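Next come the structures, one after another.
Two complexes come next, and they have one chain in common, chain A, joined by chain B in the first and chain C in the second.
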Partner chain A sequence: MSGYGEAILVMLAINIVVALAGYLPLAAGQLNLGIAGFMAVGGYTSAYLTSAYHLPMGVGMAAGAAAAGLLGLLVAVPVLRTSGIYLALATFALGQVIQAAFLNIEAVGAAAGYPVKPYAGFTVVLSVAFGVLVAVLLLSRTRFALLLTATKNDPLVTELFGVDVRAIRVAAFSLGALIAGIGGALYAHHYSYLEPQNFNIMLSVYIALYVLLGGTQTVAGPIVGAAFFTLLPELLRAGSHWRFVIFAVLIILVMAVRPEGLITGALARRLRFGKRREAAS
Partner chain B sequence: MSGAVFAQQLVNGIMLGGIYMLIAVAFTLAIGVLNFLNFSIPGIFMVGAIATWRALENGWPWVGAIAAGLLAAGVASYLVERFTYRWMRGLDHEIPLVSSLGFLILFENLVLIGYGSDQQTFPALMPDFNIRVAGLVIGTGQLISLVLALVLVIAASGLLERTRIGRGIRAVAENADTATILGVEIHRVVPALFILIGLLSGVSGILFAMNYLQVSAFMGHEIGLKGIAAMVIGGMGNIWGAILGGLLIGLIEVLSIAFFGANRADICVYGALLLLLVVRPEGLLGGSAIVREKL
Partner chain C sequence: MSLLALDDVGKNFGGLVVVKNLSFTVEAGQRVALIGPNGAGKSTVFNLITGVYPLTSGRVLFDGVDITHLPMRRRIGLGVARSFQNIRLMGHLSVVENIMLGQQPKAGGLAALLTPYRLMPRHRWIEEARAALDEAGLGAYADLSVDSLPYGVRKRVDLLRAVVANPKMLLLDEPAAGLNERETEDLHDALMAIAAKGVTLVVVEHDMHFVDRLCERVVVINFGEKIAEGTMAEVRASPLVREAYLGGDATVGAGHA
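Moving on to the complex of A and B:
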């Protein structure tokens, strides 16, 4: 495959991973505007452990994911007392604090940036991303996915049925943070350089847009959203700023016409039934 | 740090807070009345400043240029209403939020295409002139901005309190459906509110440009984000809370730069926001909001 094709596929793989990180909390009705912060935690942790302690890359990535997940768990408990806009704002504040914190940690280069040693090539990035995707797909076939949807649709009734809604929310949020950590680690080891400025609020915003544009009802939603965001700008390469303009107009239009996102649960079911009918006939 | 230097920092913080105040009030009007976290506001802030700058470049007189900036900001905000809120009333709160982000990206990239990504120099309206009071240095530009911001916010508050359209806006804030049944013309009231939001954001952008003498496509980002922080700290939906929050964020920023250095200012500002959201999500003045909590 050409270098260009590989570069696009790597970008797509990383974007799908972080979109899944945004999808899990959104499936339970929580907008996380701090995904970039969790990516930074995962990326910097893995980069530091592999550079300073010469740990193997796999261990570093696992540690990065664990660190991001743990931080997610730590903040989820107090922050998830609030909901709706307050939660989105709290995660926004958290992302800003994390970014500003890395700007001040000299051990990882502070504002000057931090070179990352072990290199994750095309195969590694794609395999890890595939692993994450399979894990989320498996998760989506369990009762947990049902509880996420129930929590999103009506937390009160779900609570009345004896489900610990808060535990579900904390789990979805922390799991999302963990996956964001994996995404950040992949980013760090593939691009071999970390800068706090890369993990800014606009990155978090774009990730949230991937998911909301694709749809929060199925796992296919964030994948389609991430693919749309990654590939469309490439197809529209003509004018570099014009592609963002077209892209912005598309967001506004899609939200107006299909506020639930491109891929909805109903659409996914229809496609599946269609397949079954074909198989029968 | 000596007492005089500290007092000077307090003054600087309050002056900076004056800029955040207007943006915070614009955010708080959108949240309080429409339950809409309107991310296009930083874009409208920038549109107001850029339009004024363009008009000045074309040799327009000051008054005309500022009017052009305000007009552009008002129109931009009206467009946002037309294509986000009007289509999506009653849906999940994230949906208009996403569309308003779309508008932010749209405005910024249209300006990038038109004028490039460089900082552009904004001509000085008034000679840089400092007043000295009891050993404190106060920039006239900043002082005028602060006073103007306070006057505008008080005027907006009066508009909400006393006029017919203001009563309509407050009725919609209470409950859009009931307000419609009671004869509030929601299709007039909401656009009017958006134009008010646009004008406040535009004024804020023009004042920013006058004080810092530069404009760029992304000038709204940092100010907008601090405006959101100011709104939340004061209490969402509360105009006086936005004023208090704006001043507090200005003070926290200036003092943390003075004590801990510029790189640590964001930790303090957004750390304060995070702490507040955990401890007291309703904000400092949240109890007396112009609307009851609906989220």
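Moving on to the complex of A and C:
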């Protein structure tokens, strides 16, 4: 494959991972606008452990994921006391705080940035991303996924059926943070250089858009959303400098026509039904 | 010992007194109606029994346990299930999945939560949910999304979801509201069948003919206070009840039934 093709696929793979990170809390109805912060935690943790302690990259990435997940767990309890726009603001602020923290940690280069040693090539990035995708797909076939949707739909009724809705929300948020940590670690080891600016609020906003545009009801949603955002600008590249305008207009159009995202549960069911009917006839 | 006992229960919303000094009991296996004019506090009483709102004063006992301060998610485990006046199904889930939410109280712990049942052919949960739907005559709707269902069917799914949880007591908030004659008749039969299995029913309902046929005992509240209790005939004879309903839209006193 051409270098260009590989570069696009790597970008797509990382974007799908972070879209899945944003998808899990959103599946329970909670917008995390601080995903970039959790990516930073995962990326810097892995980079630091592999450089300073010469740990293997796999161990570094696992530690990065664990650190991001743990931070998610720690902040989930206070942060998830809020909801709606306040939750978005709280997670937004959290992302800013994390970015600011890395701007000041000398051990990882502070504002000057931090070179990352072990290189994660095309195969590593795609394999890890594939692993994450399979894990999330498996999770989406469980009762946990059912309860995520129920929680988003009607937390009160979900609670009345014996579900600890707060625990479900905390789990979704922390798992999302953990996956963001993996995404950040992949980013760090592939692009071999970390700067706090890489993990700014625009990245968090984009990740949220991947999911909202793709749809929050099925795993296909964030994948389609990430693909849309990764590939479309490339396809439009040939066009002109108007491509960002065209891109923005397309986003607005999609959200106007399909406010629940490109892929909805009903659409997925209809597709599945269609298959079954074809098979029957 | 009664299955359910409200002991001097009170509920204020800010300065508004919505339930006041309310005591009544429900015996296991009984079919009891809780009636009263609009705004009397009937739905609020259900919300207090299920823990949706904390009590301002008094106690609620269920099956010998003081559940006054029990978190609401623990109550279904003791056997309290309910329906809502405005149907509250999960619009993003299919009908089968809504029924599966009803299985949740007996589904088990973390291992059950993380079992990828949707990848397992003929998994017990799905089979049981489909069987329950088939038995209720709702099998044809199993894979549809609930938002696409007609109102009467949504109400039946809502009821079934609560029944699947195997409650000892079912609290039904206006189960017959909005149903046509045929559907009301079917609902009556369905509820009698549920009661025959030993489930205690507490029904809030404005359709007095329906209440009269279904329930053995009636508790009447007005402005959150109990004003009468007994058989339908006894309650109808009460001057307090006649007064409460005078000018109201329901017609207990006038004997609409």
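In this section, the second predicted complex is superposed on the first by the 276 of 281 C-alpha atoms of A that agree within 3 Å, B and C clash if a C-alpha of one lies under 4 Å from a C-alpha of the other, contacts with A are read in each partner's own complex, and residues count from 1 in each chain.
Heads up, the rule we're going with is that contacts are C-beta pairs under 8 Å (C-beta built on N, C-alpha and C of every residue); 3 or more make two chains touch, one makes a residue touch a chain.
This is a predicted model, so every value here is computed, not measured.
Does the chain A-based superposition show chain B and chain C clashing or fitting?
fit
For A:54, select first, second, both or neither according to whether it touches chain B, chain C, the two together, or no partner.
Neither partner.
Please name the chain, chain B or chain C, that touches the greater number of residues in chain A.
The partner making contact with more of chain A's residues is B.
Quick check for you: in the superposed arrangement, does A:141 touch first (chain B), second (chain C), both or neither?
Touch status of A:141: second partner only.
Check whether A:266 is in contact with chain B, with chain C, with both or with neither, and answer first, second, both or neither.
second
Applying the touch criterion given at the start, work out whether A:117 contacts chain B, chain C, both or neither, answering first, second, both or neither.
Touch partners of A:117: none, neither chain B nor chain C.
Using the superposed model, determine the angle chain B, chain A, chain C defined by their C-alpha centres, to the nearest 10 degrees.
Rounded to the nearest ten degrees, it is 90.
In the superposed arrangement, does A:89 touch chain B (first), chain C (second), both or neither?
A:89: touches chain B, not chain C.
Chain B to chain C: minimum CA distance in the overlay, Å?
14
Chain A residues touched by both chain B and chain C?
Correct list for chain A: none, the interfaces share no residue.
Over in the complex, which chain A residues touch chain B? Could you list them?
By the definition above, chain A touches chain B via 26, 31, 78-79, 81-86, 88-90, 92-94, 96-97, 99-101, 103-104, 110-111, 201-202, 205, 208-209, 212-213, 239, 241-242, 244-245, 247-249, 251-252, 255-256, 259.
In their complex, what parts of chain B are in touch with chain A?
Going by the criterion above, the answer is residues 31, 35, 37, 39, 83-84, 87-88, 91-99, 101-103, 105-106, 109-110, 112-113, 221, 225, 228-229, 232, 236, 263-267, 269-271, 273-274, 277-278, 281, 295.
Which residues of chain A touch chain C in the complex?
138-139, 141-144, 146-147, 149-150, 152-154, 156-165, 217, 265-266, 269, 273
Spell out the residues on chain C that touch chain A in their complex, using ranges where they run on.
50, 52, 72-77, 81-82, 84, 88, 90-94, 97, 100-102, 104-105, 107, 112-119, 125, 143, 145, 147, 165
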